[in-house]
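What follows is chain A paired twice: with chain B in the first complex and chain C in the second.
And then the complex of A and B:
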C-alpha cells in the first residue's frame, strides 16, 4: 500500500466519488459563470462570488452566523429529501415522488399544528405518516401492478399539491394566501431549539431539526451497510430476480423502502414548516422544488448518506447565495440553473469512473510489464 | 359545450404530439423522461418568436415560423439527452430528470434576463404574445380552430405510416426490441436511437408551444408545463406504444384536462360546488388509475432504458 500510494489512492471508490463530485461542481459553476457573462459581462465575476459567498457577504461575524443558521434551516429538509431519494435508489427505485411526499408531510404537519393544535411531536409523526402513505401508494403500484415509479410519483406530486392546498385553505390568513404563523397560533408546535439559537446570533429558526437530520443520515448509513435489511435492499436494487430467487421478499422490500423514503421526505417538510421559517401558500400552482433539489444533492453526494450531508449543504449554500444577487440585473434562478447542470453532469459520473479506472489499469500495466500474470488491477496497484 | 370541445381537442393535440414523441424515442430504446423539459424549451422558442415577430406578418408565415422555432429548440435540447444516454451510457432516468429541471431553470433565467434588459424593474418570468397569437387560430362560428390541431392529426397519421410501413420505422422499432439482433443485420443502433430521440425532441417542442398558447396569451415560465410531459407518457403507456391508440387515449385525457378549464360554464357542474382543485387533480388521478390497470401486461419495447453497448452480449 505504502509505496504506490498515489495509485491506490486514486482507485478507491470514495476518492473517485469525491473527485467526480468536485468535477461536477467546478464545471457546473463554470457554466453558470458563462451564463452570467452572457446576461451582463460587467458584474458577472462579482455575481458568481456573491453566490459562492452566500452569508459571508455580511461584514460582521454575528450577522454571518445568523444567516448561516438560515442556510442550515433550509439545508435540513433538503438533506431529508436527498436521503429519501438516495435510500430508494439503493433498491433500484427512482423516487421522484419525494417532492409530493414532502408536500404531503407539509400538509399533515401544518394541519395538525394549526387546525388541531397538536404539540410538535405529534405534528412530526403526522408528517412522517403522511409522507409514508404517499410512498406506500407508489410502492404498491410498483410491486403489484408494475406501474413505473417515476410516472406514478409525478402524478402523486400534483395530486398531493392540490389536496394540501384544499386541506390548508381552512387555516390561511384572511388577507393573504399564506397559512397563519405557527408561532402565533400554537407555540407548542414549534420544534424545540435546546438553546442552539445562541450559537447562531439568536436565530430563532435554528432547531433540533438540523442535528436530527444529520443523525438520521448517519443512521441510514448504518442500516445500509451493517444490517440484513440494508443488505436486502441493496441486493434488490442490484439484481431483483436474484434477490427473489434467494428468498428475499422483493415486493415487500420495495413497499417498505418506499414507505421509509416517503417518511423521510415527509419528515423533512415538518423540519422546515415547524420552525416557522416558511408559510405554505394555498394558491401555489407548482410543486415545491425541495424534492427535486434533493435529486441533485443525492447524486452529488455520490449516493452515500454521509456524502449527501455535504452535498445538501452545498446545494442549499448556492441556492441561498443566489438570493443575494442584484435582482435588477441577474435572475436568482441562476442557482437552480447551476444545480440542474450539476445533476446533468452527475449522469456522467459512471462514465468518468470507467474512464478513470481504464486509465489507471493501462498505466499499471505499462508500469510493470510481463512478469506478473495476474492482470487484476487491485493486486497490481498494491504490490 | 363548444368551448369544452375546443379545449379537449387542443389539449388532446398537445398530448398526441408529445406522446408520439415519447413513442418514437421508446421504440428506438431510449426512455425519454425529459419530455417535460423539451416541451418547456420548445415553448420558449415559440413564445419568443411570437413576441418578436411583427403582428402584420401573414398568419401562415407566423404559424410556420413559430413551429420552426419550437422544433429547433426541441431538437437541440433533446441532443443533450441523446449524447448522455446513447453515447455516454448515462442513467436515462437521471438525465431525463436533470433535463426537466434544467429546462425550467434555464427558461426562467432567459426570460427574466430578456425582461430585465428591456426594463430593469420588470423581474417577472412572463412572455406576452397577445397580438400575434391570433394568427394561430381561425374562428369557425364560435369554435376557434387552431392550426396545431391539424398538425397533431398529420403527425398522428405520419407516425403510423412511418412506424409500420417504412423501412426506417421497422428498423427503429427493432432497435428498441432487440438491439443486438438489429446490429447483427447491419443496422446502426446508435444512429437509430439518435433519430428516435431527435424526433421526440421535434414533436415535444411543438407540443410545448401548443400547450402554452392554449387559451392564454401570456406564459409565466417559472411554472414550466405542469407535468404535461409526464401526462403524455401516461397517455403513451395507456395507448400501448401504438399511434392510433395514443390518439384515442389523448382524447380521453384531453377531455378531463379541458374540464378543469371550463367546468364553471356548466350549470350542473357549478351547482355541485366541487372546489376547483378537484378538477385540477382530475387528469392526474385518472392517469394513475389508468396506469394501474394497463401497466401489468405492458407492451413496452423490450430493450428500452438499457444503454446499448456494442461490446456486450
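And then the complex of A and C:
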C-alpha cells in the first residue's frame, strides 16, 4: 500500500516539476563549481559555499536577517517579472517585453514620486498602468497586425529605456547620473512597511512589496485554475482556433493578457524603486536584467505561480550570494553564470518529466503483469 | 530454406500492453508475398499499435516477427527500413517547400564528394514512376500539388528505397473518389510486380475491391483472417464490430416545417486566392429536414460553413436564423441563438486538445450560469457532473472519464464528445461538416442516428459531406456545390449518384430558387 502511494506521489505533475527543478539547480551549481575551479582551484569550494550561504555568512542572526531582507527586497520584483512572463505564456505568448514593461513601470513610479511628489499608492498605480500600456501596444500589434510579440517586445524594451532615461533626467542628482533618493525628496512615496522591518533587524527596505508579490502569485494561480477568464486564456493559448470557434474573443483576450502581463512587470519595478533600495541611472544603456531573469525564474518554477515564488527567491539568493565573492579572484557574475546554466537546463525539466513518466509506466507494467488475476480478486472482494 | 517461406512478413502471437489496456492481445497477421492484405478494425482496435510494433516504434511483450520465415528483431524504424518495410502514413511526412524529387531522395541521397547527384536519382524515380503508373511532376513543390500526388510521392519514396513490404495507413481518407480509384489501381500494380502490401482501412468497399485477404481486429483481439473472394461486406462489418450494423440509415418520411436557416445571396472571400470562395449563394433549411451540401472537396463548402458560423465574415448577403438576422452577429451570438456546429477539423476547431474531456464538453457553455458564478469562477462540480451525464448518455469512451485529456482519446470518441456537446445544446440548427470523416462503421452508424434523431425532433440539420453514399442515405434534400455556387437541388429518392456526380464535376448545372 505504501509503495502504491509513493508511485502516485511521483506521478503528480507538481512533484515532478519540483524534482526536475531541484535537479537543474544541482547540475547548475556543479557546472558553476567547475567554472570556479577553472578560474582559481584554491578558493573554489569556499566560493561556491559563499554563494549558497548568501546572508548566512554573517555571524550574528540579526545581520543575517537584515541581509535576508535585502535578498527578499530584490526577489519581489523578480517574482513579478516572472509572473508577467508566465501569465502571458499561459495564453501562448512569450512576453520578452517584460523587461521593457518593467522599465516603463520604473519610469512612471519614479516620475510620480520625484517630480510630481505623489503618494506611494498613486506611484504604484502609475507603474501598473505604464507597464500595462506597454503590454497593450504589443497586444494590439499582435492581435490586429499579427506582429510577433517577441519582436515588438524587444523593440519596445529599447524605446522604453531611452524614454525613461529622458523622463527622469529632470530628477537626477546633480553630481551623479542617479535619480535623487526617494526617501529624501518624498517620504510619502516610500512603500509602507507595516512594521515588517522589525523582523529583519530594522532593514528599512523591507516593505509590503514582498507579501504583495506573493499574494499576487497566489491570486494568479486562482485566476488561471478556477475562473472563466483563466479557462479562456488557457484555451486561447493552447488552441487559438478552437477558442475562436467557441466564440471566445481571442483578440481581446490576447490584448487583456498582455495588459495584465505588462501591469505585473510594471508593478514589479515599483516594488523595487519605491523602497528606495535602488536608484535609476539615467545614463544606463542596457535594459535592466530583471525582466530577462524573470524568464529563468518562471521556467525554473515549472510555469506555476507557486513554484515561481520559490524559484524567484532561489535565483535572487544565489545572485546576492555572488556579491560576497572575493572580487579580486572571482567575478561576481559567476552567479549570473550559474543562473544562466540553470535556465539552459530548464529545457531539461520537460525531458526529465518524460523520462520519469516513461520509467514509472515501465515499472507499472512490470508490476501489473503477473498479479492481474490477483488485483481482479481484490476488486471482487471489495464489492 | 529461409527464402522459401510463403510469407513476406509474419507477426505471430503479438501481445502489446499499455497501462490499463491490452492494445494487441495475441494477434497473428501473416502477409503473403505479392498479396494485398487488408487490416480491418474500428478506431482503437489496435491496428496502429500493431503497425508500430512492426515498424519498431514499440516492442511487443510477447510474440515474434518473421521475415521470409526467419525470426527478426525490430528495435527501431531503421531496422524496419533495413528489412525493406516501408509505410505511407495517414498524415504525409513531406517537406512542404521541397520538390517532389527532393522529398523522395531525402535521407537516402546519392552523393559524390558531398555533392548531390540528382540526375541518377531522377532517372530512377522516373523509371519507377513509369513502371507503376505513379504520375508525378518531380520538380513541383509539395505545397503546390494535389493530395493525390503527394500520396504518390510517398509511395515513390518507399519504392525508391527498394522496399518490398509496403504499409498503407488509411490511404484513402484524404482522397477524392477519382483519386481513390487511381490508388486502387496502383496498389494492384504494385502487388502484381511482387510487392507485398498491408492495407489498413475501415472502409469495407475498398477492402472488397482491392484486397486478397483480410485480417480483422476488434478491441485488441485478433478475430480472424478471411479470403475476400469468400466473404462480403456484411460479414466483414460483423467481424469488425461484433454485431450486425445497419450500413444504410433508415428514417421515416417527414414533412419539413417552417424555415430555420435562410441564406440570401451570401458571398464569402477565399483565404487561398483573390476570388470569392462562395459566390452569391441562397438556400433555406427547414425544421425537421436534413439538407446536404454535396460536392468535391475544395468547392467552397468549408468557406460556406465559415460564413454561416461566423468564423469568416461574408462580404455580402444576409443570413437569418429562426427569423433573427445574424449576418453580422458574433460567433458566440450565433451559438447562443440556436446554432450548433460540428466542425470539419475536430482537432483544430472542435476541441482544445490539451483540455480535459469535461472542459471540452462545456466549451460552448462554460459562461452560462449553470457552469460559472457571477464573479467569474468556474463551477467545477457542475462541470464534472454535466460531463459525466454526457459521457453516459452519448457513450463516450475514455481511459479516465471526465478527466481524460482530449488528445489521448480515439478519433471516434473525440467526435462523439463534439457531437454530444453540440446536440445537447438543443440547437434549432445543427451544422455538421463531414461528421463521419475518418471514423469506423460503428461510429458512423451512431452519428447518422444522432443526425436523424435531431431531424425527427424537429430541428434543422445542414450536413456537408464528401461521401456520396452518406449524402444519398441520410439527406432529405441535396444541394450540389461547384466552384462556390449551388448548381443543383435534388431529391435523394429520385436522383442517382451518377447524376449527382455530373453536377459535382461541373458538367451540368441548373438554376435553383432559394
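The criterion applied here is as follows: the second predicted complex is superposed on the first by the 366 of 383 C-alpha atoms of A that agree within 3 Å, B and C clash if a C-alpha of one lies under 4 Å from a C-alpha of the other, contacts with A are read in each partner's own complex, and residues count from 1 in each chain.
To be clear about the criterion, a residue touches a chain if its C-beta (ideal position, glycine included) is under 8 Å from a C-beta of that chain, and two chains touch if they have at least 3 such contacts.
The model shown is predicted, which means the values in this text are computed figures rather than measured ones.
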Clash or fit, chain B versus chain C on superposed chain A: clash
Which of chain B and chain C A:310 touches, first, second, both or neither: neither
Touched partner set for A:238, first chain B, second chain C, both or neither: second
First, second, both or neither for A:299, with chain B first and chain C second: first
Which of chain B and chain C A:247 touches, first, second, both or neither: second
More chain A residues in contact - chain B or chain C: B
First (chain B), second (chain C), both or neither touched by A:227: second
First, second, both or neither for A:324, with chain B first and chain C second: neither
First, second, both or neither for A:162, with chain B first and chain C second: first
First (chain B), second (chain C), both or neither touched by A:178: neither
Location of chain C clashes with chain B - one stretch out of 4-12, 40-48, 76-84 or 94-102: 94-102
Contacts on chain A seen with chain B and repeated with chain C across the two complexes: none
Sites on chain B touched by chain A in the complex: 33, 80, 84, 88-91, 93-95, 97-99, 101-102, 104-106, 108-109, 112-113, 116, 120-121, 123, 125, 222-224, 226-227, 230, 233-234, 237, 275, 277-278, 280-281, 284-285, 287-288, 291-293, 295-296, 298
Chain C partner contacts - residues on chain A that touch it in the complex: 226-231, 234-235, 238-239, 241-249, 361, 364-365, 368-369
Chain B-facing residues of chain A, complex: 35, 39, 94, 96, 141, 145-148, 150-152, 154-159, 162-163, 165-166, 285-286, 292, 295-296, 299, 327-331, 333-334, 336-337, 339-341, 343-344, 346-348, 350-351
Residues on chain C engaged by chain A in the complex (per definition of touch): 17-19, 61, 309-311, 330-335, 341, 343, 345, 348-355, 359, 363-364, 366-367, 372, 376-378, 380
